[in-house]
Amino acid sequence: MLTINQIHVNYGSFQALDGVSLQVNQGEIVALLGSNGAGKTTTINTASGVLKPLTGSVTFKGEELSRYKLHDISTLGLVQVPEGRKLFPEMSIYENLLIGSYSKKARPKRQENLDMCFELFPKLAERRKQAAGSLSGGERQMVAIARALMQCPELLMLDEPSLGLAPVIVDQVFETIVNINKRGMTILLVEQNVQSSLEIADRAYVIETGHNVMEGAAGDLLRDESLKAAYLGLS
Amino acid sequence: MTVSILTQALIDGILIGGVYAVIGLGLSLAYGVMGVVNWAHGEVLMVSMYISYYLTKFAGFDPYLTALVNILVLGVVGFILQKYIFNRLINRGKAAWRDILLFTAGMSMALQALFNLLFGAEVKSVETRYSGMLELGNMLVSVPKLISFLLAALCCAGLYVFIQKSEMGRALRATSQDRITAQLMSINANLVYCVAFVISLGIVGLSGALLTPFYSVNPYVGVSFCFKAFIIVAMGGKGNIPGAMLSGVIIGVIEKLGGAMVGDNLAQIFIFVLFILILLVKPEGILEKRVRG
Amino acid sequence: MKQKKWILPVIVLLAAILLPVVFHIGLSNMSILISVLLYMYWASSWNIMGGYTGLFSLGNGIYIGLGAYLTGCLFVYANLTPYAGMLVAALLTGVFSIIIGYPTFRLQSIFYSLATFALLGMMKIIFTNFQTIFGVNVGGSNGFKFSPGNDPLNMQFSSKMPYYYIVLGMLVAVLLVSHWITRSKRGFYFRAISANEGAAASLGVSVLSLKMQAQFISAFFSAMGGGFYCMFISYVDPSKMFGVELSINVMIMCVVGGANTLWGPVIGAGLIYTINRIVTMYAPSSLNGLATLISGLILMICVFFLPGGLIPFLADEREKRAMSRRKATLQKQSGGGGGIHE
């Protein structure tokens, strides 16, 4: 569904990505792992169109994304839940969700999606008028995911959803991700939390300082000794 | 200094303050949504005042109806400016605000000089059928100023509803809070910016019509309005509609009360002092927000 | 390598020094040359604050005017020779600039610009409305006048040539200081503030103190230019010194040439002054203000098409060509293999 092919991305003169590739097939949960500064967020941002690669290509459902403007890409079905959630702080939960369904594609399904989100996250339904800036980390993550769901996505990219969250909340988040996937959503999960990610993913890629170093079925990677040494010791 | 003179000045100040508020709002909106500081904001007002003046004086228009022409003309101009110039400058990234400041400063200079060339420097005013005073108790209220105030207040209220309740209003707010994430939500930021600037200049167009019945025009009339608009943005906070309304009224009242006490010319010093006070007292309100950007 | 860069400026300088000696330059042309050099000087002075440090002052005339008035008054009332008077005036103006700068530095940059602009207007009102200030007669709206004379020790010359060399020397001085800014550590901090104030603060230096330094230096030089101007024409006109046109023109000259560069202000001043001059000479007198209109248009065009000014534009073009060469190399490398590992 999503193919990232050898992308090179620069920040000014600093080379952030030096030929990263990955592929996500329909219905899968794919994890993109790596330590801080490896380039995971850069990769996701390039996929969603925030960044433009110097060379290489990003293809979604057969469409080359370089032809599209940033604000048109999510209507194709490729939706990102950004790192740090990036909610609109001065808007209420409800308004954030409304913004999620701004696009012409999502607006007709707005009520239907709202109902689905509130069913998935009942706590948000009670607090819908509360300003997004005043929520706890876990609640914000829920709103961010809900807001992304309002965009009628076909492939959901989550950038470090466990960041800054207590372990209990992290479990809830990952449970939600599995839930959504069971309903048919394809997932690309960017994470530093290697253990939990590999437990729910089908396949995974590992990148280091801007290029691929490892990939394979999640189960295999979980048992891989070198990976354990390098990453599981930290997490 | 009798109470009635002071009360008269107070009323006068509130009425003109409403118009100041709406002019300041135009600037505040553009600045709040996309950080565009239109140094030529006053000159755009001047242009709209000239349009209203000539339509009223020579084409027999009702001065308030010229607002429609103004809004149309300035809306189109605003769209073109934003789409072809400001959006390009903003998308360049680095220090776009400086470029926009310089560009609009050049525009301001050019417009003043152009209108001086075209129409001369003499002050022009027009008699309209909206003249005369209304008696409220033992206070005299100028009819055109009252009408303008009401229309200005209506405009502010309408804008408030638009920003808070409508789809596009939400998009404006989202884009101003986080441009990139808004685009991830399928919001076309460039288009949103155009809407914001069209509204900004449209408001100015309306204001020009509101001023024509009682304010005379010359090529340099925009300068003092622009200064007051900036004070309103500083006092009220960018994009803050109730704040702008309050600030406008405060400025109007200070100006008229000051005028009653020391004469209109020296009253401008009060405005200047107000500006200094705001800079000194409320720097947190207008301090650089490092998160933005 | 670095020595090569010096050759051209030195040659230009020598040519400038020898110019009046070799060619006989008439009085009016001499005035023109002196004016051009003075504007180059003022544009470079503004550059220190506005270009390098990013303090976009729209009220440069404040310092120019103060320098002019102070120098003139010190000469007329205290019999202080202007050679010293200029320095004293510049120092006092520098201190003044810090005093008014202190509250405004903390503001968002746009409000800093607005504050300087408002202050300029305030100065104009004060100096055109009040005959005496602090007990000193400064002439009010008629301006501050004194009789020109031939008194070399007091910077009064009957021929214009000495003025030419004085302003040339001043220009060299301000350019040397600007050059120091581009090379020194302090200058690096100035430019860091302009680029990204938050990042600059994290370098551990006091941003406020640096801004004050930049402002002081800039105001100092601007004021000295004002003092020079006062002695050159023996007259200080408040509506011109504190007028919007002078300040904005100086800024335009610097910006059009290239605000963050050494030679930008010089070239910009030469260009804009020449254009202004030509327009006022050949335009019919009924078209009042055409020069201002054209200056405004030039600024708009420059901002849009030549971001950063003339000199950076040319430098950017070079860099763009280098980037596309790199892209082509990369594409050649990845064109062959590529594809996803499976």
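By letter and in written order, the chains are A, B and C; residue numbering begins at 1 in each of them.
Methods note: a contact is a pair of C-beta atoms (placed from the backbone, for glycine too) under 8 Å apart; a residue touches a chain by one contact, two chains touch by 3 or more.
If you're wondering where the values come from, they're calculated on a predicted model, not measured in any experiment.
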{"item": "A-C or A-B, whichever has more C-beta pairs in contact", "value": "A-B"}
{"item": "Most centrally placed chain, judged by C-alpha centres", "value": "B"}
{"item": "Label of the chain whose CA centroid is most distant from the centroid of chain B", "value": "A"}
{"item": "Averaged-CA centre spacing for the pair chain C and chain B, given as whole angstrom", "value": "32"}
{"item": "Approximate Å spacing (C-alpha centroids) for the pair chain A, chain C", "value": "51"}
{"item": "Between chain A and chain B, centroid-to-centroid distance (C-alpha), Å", "value": "43"}
{"item": "Junction residues of chain A - those touching two or more other chains", "value": "none"}
{"item": "Partner chain B, residues of chain C touching it in the complex", "value": "54, 56, 58, 103-104, 106-111, 113-115, 118, 122, 125, 194-195, 197-198, 248, 252, 255, 287-290, 292-293, 295-300, 303-304, 307"}
{"item": "In the complex, chain C residues that touch chain A", "value": "327, 330-331, 334, 338-341"}
{"item": "Contacting residues of chain A [partner chain B, same complex]", "value": "48, 50, 69-72, 74-75, 79-80, 82, 86, 88-91, 95, 98-100, 102-103, 105-106, 147, 151"}
{"item": "Residues on chain B engaged by chain C in the complex (per definition of touch)", "value": "31, 37, 85, 88-89, 92, 94-95, 97-99, 101-103, 105-114, 116-117, 227, 230, 234, 269, 272, 275, 279-280, 283, 286-290"}
{"item": "Residues of chain B touching chain A in the complex", "value": "167, 170-171, 173-174, 177-178, 180-189"}
